[in-house]
Each structure stands twice: as structure tokens, then as C-alpha cells.
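The two complexes that follow have chain A in common; it is paired with chain B in the first and with chain C in the second.
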Partner chain A sequence: MTRENWIFAVFLAAVLAAACAAPFMVRPYSLEILIIFMINLILVCSYRIPAMTGDWSLSHVVMMGVGAYTTALISQQWELSILLTVPLSAIVAGIVGYIIVMPMIRTRGFGFFIASFAIGEFVRLTWVKFRDVFGGPRGMIGIPSGEIGAIDLFFPVPKYFFVLVIALICLTIMYRLGRSRIGSTFTAIYKDEELAEAIGINVPHYRALAFATGTFFAGIAGALLAHHLGAIDPKNFDINTMVYLIIWIVVGGSATFWGPIVGLIVMTFAFEWSRPLLEWRPLLFGGILIFFLVFLPGGLESLWGKIRDRLAPRGGGGEGPASSAAADE
Partner chain B sequence: MALLEIKGLTKRFGGLVAVNDVDLMIERGEIRGIIGPNGAGKTTLFNLVSGALRPTHGTITFDGEVVSGKKPSHIASAGLVRTFQRNAMFPTYTVLENVMLSRHTQINESLLKAILGADRREEQKNLQRSREIIEFLELGRYENELAENLSHGHQRILGIANALAAEPKLIMLDEPVAGMNPTETAMVTDHIRRLRDEWDMTVVLVEHDMRTVMETCEYLSVINFGKLLMEGSPEEVSEHPEVIEAYLGSEEIEL
Partner chain C sequence: MDLPTIIQTVANSIVAGSVYAVIAVGLAMAFGVMKMANFAHGEFFMVGAYTVYVFYALMGWPFPAAVLMAIPVVALLGVATERFIFRPTRENVLAGFMATAGLAFIMQVLVGQIWGVGLMRSVPTPYMGAMDLAGARVGWQRVIVIPSAAVMLLALWYFLRHMKAGKALRACAQDPETARLQGININRMTMLAMAISGALAGLAGALMAPIHPVTPYMGHSVILTAFIVVVMGGMDSIAGAIIAAVLLGFIHTFVTTLSDAVTAQMVGVACMAVVLIVRPQGLLGRVKA
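Take a look at the complex of A and B:
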């Protein structure tokens, strides 16, 4: 392992240790925030998978809702273990994602963005309209917290550890996916779609695959949210929540795996600190969004490259990026 | 049977007939040049064959399979790969990464393999072949250079390397020497010949640079106003009065 890898491993171990110690150190309210944070972590990382192909959607939070509603419905019908409801909800969200992306795949860029909003709203409004099944505007209540063996996940500490483990599994898978060959194929589509087709990449197929994979993980986040809140309604998954997701991504950046995570961390702090300014918050967040779009379009993650270039001893000139890319290999 | 058979190929854009009832047969192991003045329909023909455009009429048969109307990725997987007039490559990747990524058709990708990390082992084999392609095109020195930092000439050669990575039976080069200096042009011409001689590849070349065409190709097809004007050896073509008139407005083709 190189020195950089060592630093990284030590850093990860420290984060993990802190995450394990956290429930015994912090107040119950903060623990609540940490649980929501980890659910959002799965959500924000899953958004990056279709974004790797260049597809930014406005339906991702609705897909999270598909996972949440699936959990609510199957918990109502059968007494299934939480170890089954979570993956089942993810599969349903993945399938729904694959179906809704089919008509959208003909569009690109802004067209895709708007089409995904329309289709997402369509899905969301079915929850409002079909009262008998989905409970209408008031949503669904009485979703159990779940239990594993004798451990009741109603209590914050076991719940926290359950969500932590699921989040770690999801993040590891998504990290590997991003660095795998298929991840490079997704990125190739974003970089040059025409060339990607010319070398034999079936672009619509891979875009659909990326989208469905993203909604699969969004479904996991939704299932965890449903179990955590115990009650869900269509407003949980409306465009307001979606805008927060977009802000996390814009603030952090989406070029690397770490960008969305950094964005989420920073904005979670911003969100908590701005609690006293309740009615000013949308204005504040809108300002942050515009600031990043204008002054730092690559997000916070792009600062890292800039800092590294400054600190690099004598990498300078045109050889800088090339030699660092070679070192990464 | 010919490797590539084009029959009655027509493409209309509204009232404009860009390609008009073209028949072409390209045999295995040929280096075929397609020439014609600007706006003759060469690039449209190219886009039709590679699947970027759908023909209005006509059929294209490649290696026994009818490919007209199929997607570019399907045609590429069948073994017919094109390059672009522009410097098409993945600019933020190194030369080696470009070629390895372009070997998509040779690798069975799946999400499961990615998650289990099984694709890493396959990449070793992939790496070996990618290096071979890079060495063949004499890009070995730039293996770890970012594509965007290469010179124009090397970027264009990388475009050919990316196409070769898909292991084509037939490679279609769209103006491979455009904007190159004489040294680079000579290098590419040499690469094209070696591709056929050493790797048994069939090459179709669309080119403006007459000198390159004459030196590289054994057989030429001349297109004008979307129609096939004539076919023949470079000598026959360059002496044909209609070609001279179409191509240069009745001046001599300068060799």
C-alpha cells in the first residue's frame, strides 16, 4: 500500500470507530439526526450512479418513496422480518425505476430532468389518489420499527447500529461499482455518448441499468426511513425534499464517490445550525445553491484537487495531472 | 461473399437526397478509399453504414448479417467499427485507460461481477491486449499520458486505437490524417497498411488528402452528388475525366 492509502485506511477506521462510539456519547436528539443522516447518505450516494452517465433526475426521492410505500404495504399485509422488507422494497424500487426510465431514455440533459419530474409526480400522485391502497394525502401509519431476533429496533441505539450496518454495506457496494469496469462504462457515456456507442456500448441499456441501480439503493433508503418514522405520506417525497438532494450533490460535487458525501455532511450541519432562522432557511439554501453553481460548479470535492496541486512539491506544468493519474493506478 | 455489401442505399433529408442508390461491395482484406468532393455524401454514407443514421431505402449486409437500421453499438459488436472526423476519445483518461475502456465488446460486464470484484482479474488479460494495440500504433511512450495532453496527431491515432480495441473485422476511418503534418501522415499511412498486412483487417477510408488515398488504397470508389460515380484503381480514377471534373473542377489531380 502507498502512503496515501495508509492515511486513507487510518481515516476510515477512525470514522468507523467514531460511528460506533457515537450512540453512547451524544444526546438522543443527535442520535436521531445521525440515523436520518445515514439514510440520506445511502440516498445521496445512489443519486450519483445515474449521474455518472450524465442523467440527473428529479424523481429520485419519489423512488425512495416507492421503497418506503412498499415497506409500509408489505408490513401491513404480512409480518415479515425487517431483513426481508428492506431488500424487497429495494427490488420493487429498482423494478419501478427500470419501468419509468424506459420512456425517459429517449431524452437527455434538461429534457431528462423535466421528464423525470413529470413521471415522478405521476407516481407520487397515485399515492394521493388511491386512498384505499396508499392512504391518500394522509399516508400510511403504523409501520413497525422491526426487530432482529430478540432485539427490538424501536430503541434508538439498536436502530442506529442496524441503519449503520445497512449504510456501510450499501456504500461499499456503490463504491466498488463506481470503481469497477461497469462504472467506467457509465462515465464513458457521460464523457462522449457518440464515441461510447461507436465502440459498442449500448448506451440506452447502460443508462437504464444505471438508473435502476440508483433507484434500487434509493429504495433501501426509503425502506429504512419508513421503518424509522413509522408513518409516511406523499409530502415526505415531494419536490422540496428533492431540491435538498440536489443541493447536497451540487455543494459536494458528483465527479467522485466522496463529493456527494461531503455535500451531505456540510449541508446537514448547515441545516441544523439554521434551525433558529426557520422561515429564512429556503432563502439561505437557495443562496448556497446559486453560490456553488456560479463560483464552484465542481462542488467542494473540486477544491481537493486544487489544494493538492498547490501542495504538490514540483509536479507543475502539463505533466502534473498525468503523473498523478499514473500514481493512482 | 463480400464482407460488406451495400445495395441501393438511399438517404433523404427532407427534399435533399444525400445518398442516392449507392451499391458498394468491400471484400475481406481490402483497403478501400471512398473519395469525393465536399458535400458529396461521404460522411452521410459513413454514418449510414455505422448505424448513426437510418437509411431511407436499401440494405447493408455485414459479414452475412443485415445491419441496416441497427444501433451503432450493435454494429460495432458485429465487428464494424468507425472512427470520427473529430478527435474522439475520453480526454480525462490516460491512453491506456482509453484503450482498456474501449474493449467493452470483448468483456462481459455485469453488476454482480463489479460488486464481487471479479472483473479485476479479467482486466489483466484486457491490459495485455490493450498494450499490444498501443504498441502496434507506436503510442507506447504515451501510455500513461492523459489523452487531452497529447498532440493532435497522437489524439487521432488514439482514436484509431480505441476503435481497434473493439476488435473489428472492418475498420472505417473518417479522414484519419486530417490536420496532420507530413511526418504524422506518413506514420498513419504506414499503420493502416500494417493493419491489413499484419492483422488481416479490412479498412475503409474516407479521406480528402488525395496523396494519402493514392498511396494507401488499392481500390477507390468515387462519390459525387450522393451517387457512385465510378470505381477503380487509383490510376484509373485519377485519369478519369469525370472524376477530375467533379473533384477539381476540371483541373488535374495533383499527386
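Take a look at the complex of A and C:
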């Protein structure tokens, strides 16, 4: 292993140790934030999968809602274990994602963005409209916290560890996916669509695949959210929530796997610190969004690359996990 | 449906269609010139309505004067948006679009903090009474929306076709590089496009203020409809936007009358999805080279 890989492994171990120690060190309220943070972590990383092909969507939060509603429905209908509801919700969200991307695939870039907004809104409105099934505007309540064997996930600490394990599994899969052949194919489509087509990549197929994979993981996040909150309604998944997700991505950057995570961490702190200014928060976040798009379009991750260049001009080094930040864009 | 109901619904459809047209033409116009996609267009509409609220309901100006005031106010807002958001993000459509989503947040908070979030602001109806149309009654307040929209769109058409600045604007929309070679100042043209776009949104909001509930979040429902219209019409096509607006006005109003507003929204989105599948460039859109 190269030196950078060692540093990375040590860093990862430290983060893991901190994550395992956290529930016994922090106040219950902070634990609550950590659980939400883990769920958002899955969401924000899953957003990057379709974004790798260049498809930025505005329906991702709605797809998370599909996972949440599926969980609510199946745990109301049958008393399934949480170990089944979560993957089932993910599969449903993946299938729904694959269906809705079919008309959207005809568009590219900005058109895709708008089409996903409208179609996502369509899915969300079905929850408002069909009261008998989805509870209408008031949403669904009484979703169980779930249990594994004898461990009741109602209590924060076991719930935290459950969400942590799921998040780690999802993040590992998404990380590996990004570096696999499929991930390279996605990036190739983004870099040069015509060239990708010319070397025999079925572009619509891979774009649909990327989108459905993204919604699959968004479905996992939604299922966890539903089990965690116990009640969901259509407002949880509206365009405002979606804009917050966009803010995480824009602040962090989307060129590497780590960008969205950095953005989420920074903005979670900003979110908590701005709690006294509750009604001014959208203004603050809107300002941050504009600031980053205008002055730092690559996000915080591009800053890392700039600092590296400043400290060690033309630094060689191995293909470290965070070193490709500046390479893109 | 009996005859008066049908006439009533048709009249309401035309009113809705003309408002959608004014809003969507503004959006299509900005997108046509240098691909400025404005997510805060619904908030421009909202500011137009608040202008009428301030000048007409609070300060007691005559209604037409308050409506005319909305045009420069929101046009200035459009110019500022161009200068501080669209110009720095010109090479990336999505960046400008997302930044204006931030702008929408900012404007909602500011308006909410200045005039209150809770209850809607009531704007008294300046034109009482209703027009009698074979048993159907259409309020005058709604009727005047139609000629106002028509005059505004005709003026825009005349400006784009017959005036020098309008021709320059169209040249800029067709090919910015060549337009620049002809000595057209691109920055001035994008500013002009955003001013017109803002003026149209402001006018629509001002006309709707006595009919539509005036709240800081009234732009939300508008923006989705406006984007459906623009995508159906073909993104940068003004004529396409007008046709799609009237079409969607009829669809929305009839489905709302027969069923409910949520279903109407869903049908509208479904129509857009069909257009995307059958004709991705929109009804009158040009295929990009």
C-alpha cells in the first residue's frame, strides 16, 4: 500500500471508532441529529450516481419518499421485519425510478432537470390525491420503529447502530460502484456522450441504470427515515427539501465521492447553528447556495485541490482517494 | 355539465390560459436569450402581486397605476438577477437555475418578514360586478385579465419583430457569437431579456393579486405550471409557450371543474410527459444541431 492509502485507512478507522463511541458520549438530542445525518448521508451519496452521467434530477427527494411510503404501507399491511422492509422499499423505489426515467431520458441537462421536477411532483401528488391508500395531505402515521430479534430499535442507541451499519454498507457499495467499470462508464457518458456512444456504450441504458441505482439507495434512506420518524407526509418530500439536498451537493462539490459528504457535514453544522434564526434560515441557505455557485462552482472539494497545488506544485503522489478533486472540471 | 357551466368553464379557461401565457412567455424569453433559466420566476410573480398590495391596498393608488408600477419594480429585479446571478454563471445553465432557487428562498423570507407570513394579504376587488354570458357570470376582475394579457403580448410581438432592439434580441437568441460580431452588446441584451421577463411576471402577478391569495409562497404553484408550459411549448419558443399556455389553461380548468385541483396538476404533468416522449423538443421547439 502506498503512503496515501495508509493515511486514508487510519483516517477511516478513526472515523469508525468515533462513530461507534459517539452514542455514549453525546446528548440524546445530538444522537437524534446523528441518526438523521446518517440517513442524509445515504441520500446525498446516492444523488451523485445519476449526477455522474451528468443527469442532475429534481425528483430525488420524491424517490426517497417512495421508499418511505413503501415502508409505511408494507409495515401497515404485514408485520414484516425491518430487515425486509428496508430492502423491499429500496427495490420499489428503484423500479419506480426506472419507470419515471423513461420519458425523462429523452431530455438532457437542463431539460432533464425540469422534466424530473415535474414528474417527481406527479408522484408526490398521487400521495396527496389518494387519501385511502396514502393518507392524503396528512400523510401516514404509526410506522413501527422495527426490531431485530430481541432488540427494539425504538431506543436511540440500537437505532443509531442499525442506521450506522446500513449507511456503511450503502456507502461502501456506492464507493465501489463509482470506481468499477460501470462507474467509469457513467463518467464517460458525462465527459463526452458522443464519444461514449461511438465506442459502443448504450447511453440511454446506462443513464437509466444510473438513475434507478440512485433511486434504489434513496429508497433505503426513505425507508430508514420512515422507521425513524414514525410518521410521514407529502410535505416532507417537497421541492424545498430537494433544494436543501442540492445545497449540500453544491457546497461540497460532486466531482468526487467525498464532495457531497463534506457538503453534508458542513451544512448540517450550519443548519444546527442557525436554529435560533429559524425563520431566516431559508434566506441564509439561499445566500450560501448563490455564493457557492457564483464564486466557488467546484464546491469545497475543489478548494482541497487548490490548497494541494499551492503547497506542493505538480505534486506526484499515488491515485489517492481525494486527489482527483481538482482533476475534474 | 349544463350550458352555463360549460360557458363559465371556457371563460375561466381563457383567463387562466392568458395568465399562464404571460408568465410562461417571460420564462421562455429569458431561456431563449443565453439560456437563463429562472427558478425565481414564480417569486417575481409574487412580488408583482405584493406591489399591487402595497400601492393599491395600502397606499390607495388607483388599481391601473398600481398594476403599471409592478412592471418597473419587477423588471428591475430581473435586471439585478441577470447582473448578479446569470452573468457570472453564464456557461452553466444548471448553476444559474439552482442559484435562482436560492434567490427564491431569499425573496420568500424577505417578503414574509416584511409583510407577515401567516394570513394572506387581502387585496380588495377594484372592479365589482360580473359580466353576464348566456347564464354564466364572469367577474369583471377576471375579464380584464384577457385584454391586458393580449395587449402585453402584442406589444412584445411588435417590439421583437419591428424594433431595432427587439431584432437585436432575437439575433442574440439565435446565435450569440454572430450577434456579437454584428456589434450587438450581449450583456445589454441579456439584461433587456431579463427586464422583459421580469416585467411580464410582475404584470401577471399584479393582475392576479385581487383574485389569487397573496402570500409569500404563491410563486410555488406558478413555477411548476410555467415550466410545464415552457417544456411543452419548446423551451425557447415564444409562440410555442403561448399555444401550450392556452392548452394547459383549458386542461387545468376543465379537470379542476370536473374533479379537483390536485388531479388537474397531475394531468398537466402527464401531458408534459407525453410531449417529452413523442416530441422531446416541444410543440414548436427547434431541434438542436
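The definition used in the following text is that the second predicted complex is superposed on the first by the 312 of 329 C-alpha atoms of A that agree within 3 Å, B and C clash if a C-alpha of one lies under 4 Å from a C-alpha of the other, contacts with A are read in each partner's own complex, and residues count from 1 in each chain.
Everything that follows uses one rule, which is that a contact is a pair of C-beta atoms (placed from the backbone, for glycine too) under 8 Å apart; a residue touches a chain by one contact, two chains touch by 3 or more.
Note that the structure is a prediction, hence the values are computed from the model and not measured.
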- Residues of chain A touched: more by chain B or chain C? C
- Query: Which partner does A:195 contact after superposing on A: first (chain B), second (chain C), both, neither?
  - Reply: first
- Message: Looking at A:275 after the superposition, I want to know if it touches chain B, chain C, both of them or none. Which is it: first, second, both, neither?
- Response: neither
- What is the contact status of A:113 with respect to chain B (first) and chain C (second): first, second, both, or neither? second
- Query: So, A:209: does it touch chain B (first), chain C (second), both, or neither?
  - Reply: first
- Task: Pick one for A:3: touches chain B only (first), chain C only (second), both, or neither.
- Result: neither
- Can A:176 be said to touch chain B (first), chain C (second), both, or neither? first
- Query: Now for A:184: first (chain B), second (chain C), both, or neither, which partner does it touch?
  - Reply: first
- Note on the structure: Both chain B and chain C touch chain A at residues none
- Item | Contacting residues of chain B [partner chain A, same complex] | 50-52, 71-74, 76-77, 81-84, 88-92, 94, 97, 101-102, 104-105, 107, 109-111, 113-115, 117, 119, 122-123, 144-146, 149, 162-163, 165-166
- Message: Looking at the complex, which residues from chain A come into contact with chain C?
- Response: 56, 102-104, 106-107, 109-111, 113-115, 117-119, 121-122, 125-126, 128-129, 239, 243, 246-247, 250, 279-280, 282-283, 285-290, 293-295, 297
- Residue set of chain C touching chain A in the complex reads 35, 37, 84-85, 88-89, 92-99, 101-106, 108-110, 112-113, 117, 220, 224, 227-228, 230-231, 235, 260, 262-263, 265-266, 269-270, 272-274, 276-277, 280
- Note on the structure: Interface with chain B, chain A side, in the complex: residues 173, 176-177, 180-185, 188, 191-192, 194-203, 209, 213, 318, 321-323, 325-326, 329
